[in-house]
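Here's a structure for you.
We just call them A, B, C and D in the order they show up, numbering each chain from 1.
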Amino acid sequence: MSSEFGKILHVSVFGQSHGRAIGVVVDGLPAGEEIDLAALQRFLDRRRPGSGPLSTARKETDIPEFLSGLEDGKTCGAPLCAVIPNADQRSRDYGELADKPRPGHADFTAWVKWGGHADMRGGGHFSGRLTAPLCVAGGIAKQILARRGIFVGAHLAAAAGITDAPFPLYPTAALFEELAARPFPVLDEAAGERMRAAVLAAKNDLDSVGGVVECAAVGLPPGLGDPMFEGVENRLASALFGIPAVKGLEFGEGFRAAELRGSGNNDAFVVEQGRIQAETNHAGGILGGITTGMPLVLRAAFKPTPSIGRAQRTVSLSRLENAELTIHGRHDPCIAHRAVPVVEAVTAAVLLDLLLEGNHGTF
Amino acid sequence: MSSEFGKILHVSVFGQSHGRAIGVVVDGLPAGEEIDLAALQRFLDRRRPGSGPLSTARKETDIPEFLSGLEDGKTCGAPLCAVIPNADQRSRDYGELADKPRPGHADFTAWVKWGGHADMRGGGHFSGRLTAPLCVAGGIAKQILARRGIFVGAHLAAAAGITDAPFPLYPTAALFEELAARPFPVLDEAAGERMRAAVLAAKNDLDSVGGVVECAAVGLPPGLGDPMFEGVENRLASALFGIPAVKGLEFGEGFRAAELRGSGNNDAFVVEQGRIQAETNHAGGILGGITTGMPLVLRAAFKPTPSIGRAQRTVSLSRLENAELTIHGRHDPCIAHRAVPVVEAVTAAVLLDLLLEGNHGTF
Amino acid sequence: MSSEFGKILHVSVFGQSHGRAIGVVVDGLPAGEEIDLAALQRFLDRRRPGSGPLSTARKETDIPEFLSGLEDGKTCGAPLCAVIPNADQRSRDYGELADKPRPGHADFTAWVKWGGHADMRGGGHFSGRLTAPLCVAGGIAKQILARRGIFVGAHLAAAAGITDAPFPLYPTAALFEELAARPFPVLDEAAGERMRAAVLAAKNDLDSVGGVVECAAVGLPPGLGDPMFEGVENRLASALFGIPAVKGLEFGEGFRAAELRGSGNNDAFVVEQGRIQAETNHAGGILGGITTGMPLVLRAAFKPTPSIGRAQRTVSLSRLENAELTIHGRHDPCIAHRAVPVVEAVTAAVLLDLLLEGNHGTF
Amino acid sequence: MSSEFGKILHVSVFGQSHGRAIGVVVDGLPAGEEIDLAALQRFLDRRRPGSGPLSTARKETDIPEFLSGLEDGKTCGAPLCAVIPNADQRSRDYGELADKPRPGHADFTAWVKWGGHADMRGGGHFSGRLTAPLCVAGGIAKQILARRGIFVGAHLAAAAGITDAPFPLYPTAALFEELAARPFPVLDEAAGERMRAAVLAAKNDLDSVGGVVECAAVGLPPGLGDPMFEGVENRLASALFGIPAVKGLEFGEGFRAAELRGSGNNDAFVVEQGRIQAETNHAGGILGGITTGMPLVLRAAFKPTPSIGRAQRTVSLSRLENAELTIHGRHDPCIAHRAVPVVEAVTAAVLLDLLLEGNHGTF
């Protein structure tokens, strides 16, 4: 068991990059939830490789087929299964790779674990392509959360070391929509321009860059999550590290909090219009693992795409000797901007799971 | 359910800071493992508040009593329960706090979740004191791992923004022992001196500082962990965010990877003495969620102690109006150095859990 | 989350009886296992409605399509997804039922839980049809177990109150194969003849009958399972009660043990050819939740098919008044004989899960 | 991990029969629940060995000490830990048993699993003594359920093959209280008299008898539980088979349903005083794994106490040869009557867990 998360809402992802299809089973959705399939498709399209030079040339329409759980456009209580056929796989591009693990990829560890039986064409089950079904699950969760006044949005907070502006103290649903409509999901368009130039420069150098996605959720009730190991941070972390290439995660000030003093990191409580709020949000909306009611804010660090066009040193598994490898397949010079909706999706799925647990107090 | 983690090895923590006792149940330990109680106590002592000015004045001997699971100094297969009585609690220090949630603490969120019924004296179940039983579980796991050639160690990588030297590419068990013996667990003693000065300066300002703990594990077989949501990173993150005050977590280069190019972040594979290794370890020993056999390296960011001696703005829960609060209790001006063995403990418990799962391939 | 079981090997079933397709995701299969698809199909065919008068007239070929996890006829380590399209659904047969819950069916409870959104055509997600994907998962598990010398078989131990002969003390793989090849899976063919007559008699009375399936597994190592709540009995029970219509479960002597004396129920240990065995097997191969190495023996009680052709009293949900209902759809006068491979399937999946856990001692 | 169950409410049992203490951690209890400790003790006393000839001579007061989770007599939200010291252990009685596994006990399987390290004195972790902490957890659950109008009760439905009267269609809280107050928990006192005589007769023969416990819960809302593997039956079975000596479990008609026709087993729905009810309750209050709102009825079969005073054949583990064993320790000639509150306890804990999940529809 590996490709699953969730307690009340359970998400189970399957498929390999060059297999017949990829898909997801979502078990535990509330019944009677209308799913706007056009809006879901727009959400999925944000993740798809674009037509520009920043993305892989692999083309997939990524239109999910619903085998169960959805009747007359509404969830029916039974587990939902969505399948996305793989259309544009070119496995011949990956022949040499069976013997020469690509640095930075899971080829070597999959070979250790599964021997020669691993289907690692195009990254196999470890491929970023598996984030498409994740977005189906998370896109549905986003719609259900929105109906309850909870909105999840994200932007590319950094790429190639160039940083976007941070989210404001109170991000709004409108801001999230605006970001979702942008071809490059940043708050500061000038920074976005510099990011794109840096990605292209790396591409021209047969190289790649990493990035950071900042995600926020607003409208959450206070009291979600449990202490210690079932906290909101734990549950989100447990799922978010499942997105390929995530190597770091922080909430609120995160690593910067380690450099602050208590007086600078504590958020003063204040009463505003009869409600208890915090004046600042260094905590990222979570204290003791439990939501405060302030916006939840997290950042996930994505490593640079390990597939690069340069010759790299690796080994031959069969001959147990050093070797060189040049990867010829299609690949993204940066995946962080395409990961923006994926972080939203996983965050939304976890938050809906927490919300469905329903023991978040009565405040 | 909240204060539990683990799949084959299950750790369940209980207790409140000022309750009768704190403790832990560890279910799933292999039978016949000799536990060196003196060594375990030395490990626990690393977490205890020291006698110096850097720590809280609360004094606890923290000697665990074993109620089950340990017979004649060996694990017997049945769940192990260890209890640590609370001795030096002074609840009168916390009277005012029942109505005025301390900024940066879980007082407010516990009140939302559990109403006035929460026992938040001294932080209650959310207190850093709960890391003592965690260290019992993790200290036992460390001994069992060591018997299998796996060693876990950590140091204070940063405090108050002052950074220690990083771990070398191949940390050794001897280095871990050396660090464990030091009164202040840093690699670069000069940096440690500056950190201590910064902590004292904050203390004199009635303030506190945060820090970063870097933890490594060596001797791990390749092939531990599963893809996507049951990866080593996911499992560790799910547990490590349960340590109070952790707000960020990264593996290998972590957030710095987001600033690197692929050519600088990929680790080339090489054959050395007939074994496949990586020349560098930007991945922190994990690719695709699965161990590579290289040292596992992670860093956890701790926020500054929220309890500070300065007056802070908060609210009165009963009167729903703004209020001021000055905390008079004992507290640490920095908890990150005391958290070093805690991060080791949780890491060791998760790694033993993964190891016991036993499906890590046959390479 | 509902339609899932397993810890290392995780089985997740989806689909509704009259939806587009039904299917299963099996996550955690060992890699490199060859799956004999023809043998799997023969196993699935044992569950399919036959052409005779004992079964429903609904016709489905039930040939699974593998979307993932199986490459070149071998498991590849990634989650396996198999889909079975629904072909012969006739939803018009079920129109009246939306308002009138069928006695003995889940129509009423699904309506309570999911309101009018439940897709209960043909029983929806609660239908016996969902046992087809279960048999895909279990049929694969059976092949993997057989490769390790573990064999699972079952027979119809009773139907309509008529009992078959019990399994011998040591059932063999050959006996299981023989049973699997029989059109009516009983040990005593004369008893089988009487059972069939009783089923037909019930059918002629527009009624139905129940039955008992006895299942055994041989070749299990001693030491599988854990004490108390993770015992072999617990794990099997947790899954077997998921088969529609199961209302009772017993291991070894089961309910009969409650009538025995200790001297008659205890199994004496003996050394035979250097191995410790039991002279009798009243325990059904399990002591303290852990396998003894003797054959595992269980019996599951199936209630009579709730769909019967007679007029029955029920209520109108919309008008909240008493009503009468005559079910006109196709249905089995007995499902217990078709449940025989289903019990085998679920038993095999649970046993493989336990075996993969790999902590069953070194005896 | 073995000695734990529950999803929202998690119960974790620890201890060995002759170790220092036994106990339980209950994580996930709602906060602010007043626990009547005197009533809890009365509940625990029902399980304790009595002073009469029907029970073991081992004397334990079984008064739990609460280390956490309970402040001022109320749950505080944090995990509750209760410890019961072992007082009257006489381990010298069990010396010979280290080498000669008792037939019908877990001695052999524990030895296979844990080698000579297992602490099997008095049955170790497998002992019926572990049901005392289970009763602490379940007794608390019963009080919380009662406050919500849900009552759980049980009686000894059979012992030594002699049957009690069954529960009426609608058992009441008053009936449960009456049963709890009786020294021998049967509905039909004449049958109880015959049972006691049969137990004494077995005791005089140095033998033991088994029995059946019938348990019911009334006041449950319809809609509890989920389809397939997370049904009420699955969740109860998964926990109830954890009670030592349980070898069978059935719901409603259970095994008798297998002998009925559909027309005799289906429960007709009727509207009574504006509510939908069933005229009969062959289903035992569960359809499709989900509660109907009718009383939940289950029966658990207990095998005869395996410890008997007669000489029995077994093996010497060290010499791998046949041996004879006469058990001299104290033991119950029947445990089924003492198991009555244990079945109530486990049933109550599972039902509270299901109730806390809170997704049981809005009917």
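Here is the rule we use: contacts are C-beta pairs under 8 Å (C-beta built on N, C-alpha and C of every residue); 3 or more make two chains touch, one makes a residue touch a chain.
Fair warning: this is a prediction, and the values are worked out from it, not measured in the lab.
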Can you check which chain pair, C-D or A-D, has more C-beta pairs in contact?
C-D
Most distant chain from chain C, judged by the mean position of its C-alpha atoms
B
Inter-chain centre distance, chain C versus chain D - centres from mean C-alpha coordinates, in Å
26
CA centroids of chain A and chain C: separation to the nearest Å works out as 38
Which integer distance in Å separates the CA centroid of chain A from that of chain D?
45
For chain D, residue numbers touching 2 or more other chains are 1-4, 7-8, 13, 28, 78, 110, 113-115, 125, 226-227, 359
Chain-level touch network, classified as line, ring, star, complete or other
complete
Going by the contact rule set out above, which residues of chain C touch chain D in the complex?
1-5, 13, 101, 103-106, 108-115, 125-126, 130, 158-161, 202, 205, 207-212, 222-223, 226-231, 233-235, 237-239, 241-242, 244, 246-255, 257-271, 274, 276, 278-279, 282-284, 286-293, 301-308, 310, 312-315, 317, 320-322, 336, 359-363
Residue set of chain B touching chain D in the complex reads 1-4, 6-10, 12-16, 19-23, 25, 27-28, 31-32, 65-69, 71, 74-81, 83, 110, 113-119, 124-125
In the complex, the residues of chain C that touch chain B are 7-8, 28, 30, 78, 226-227, 356-359
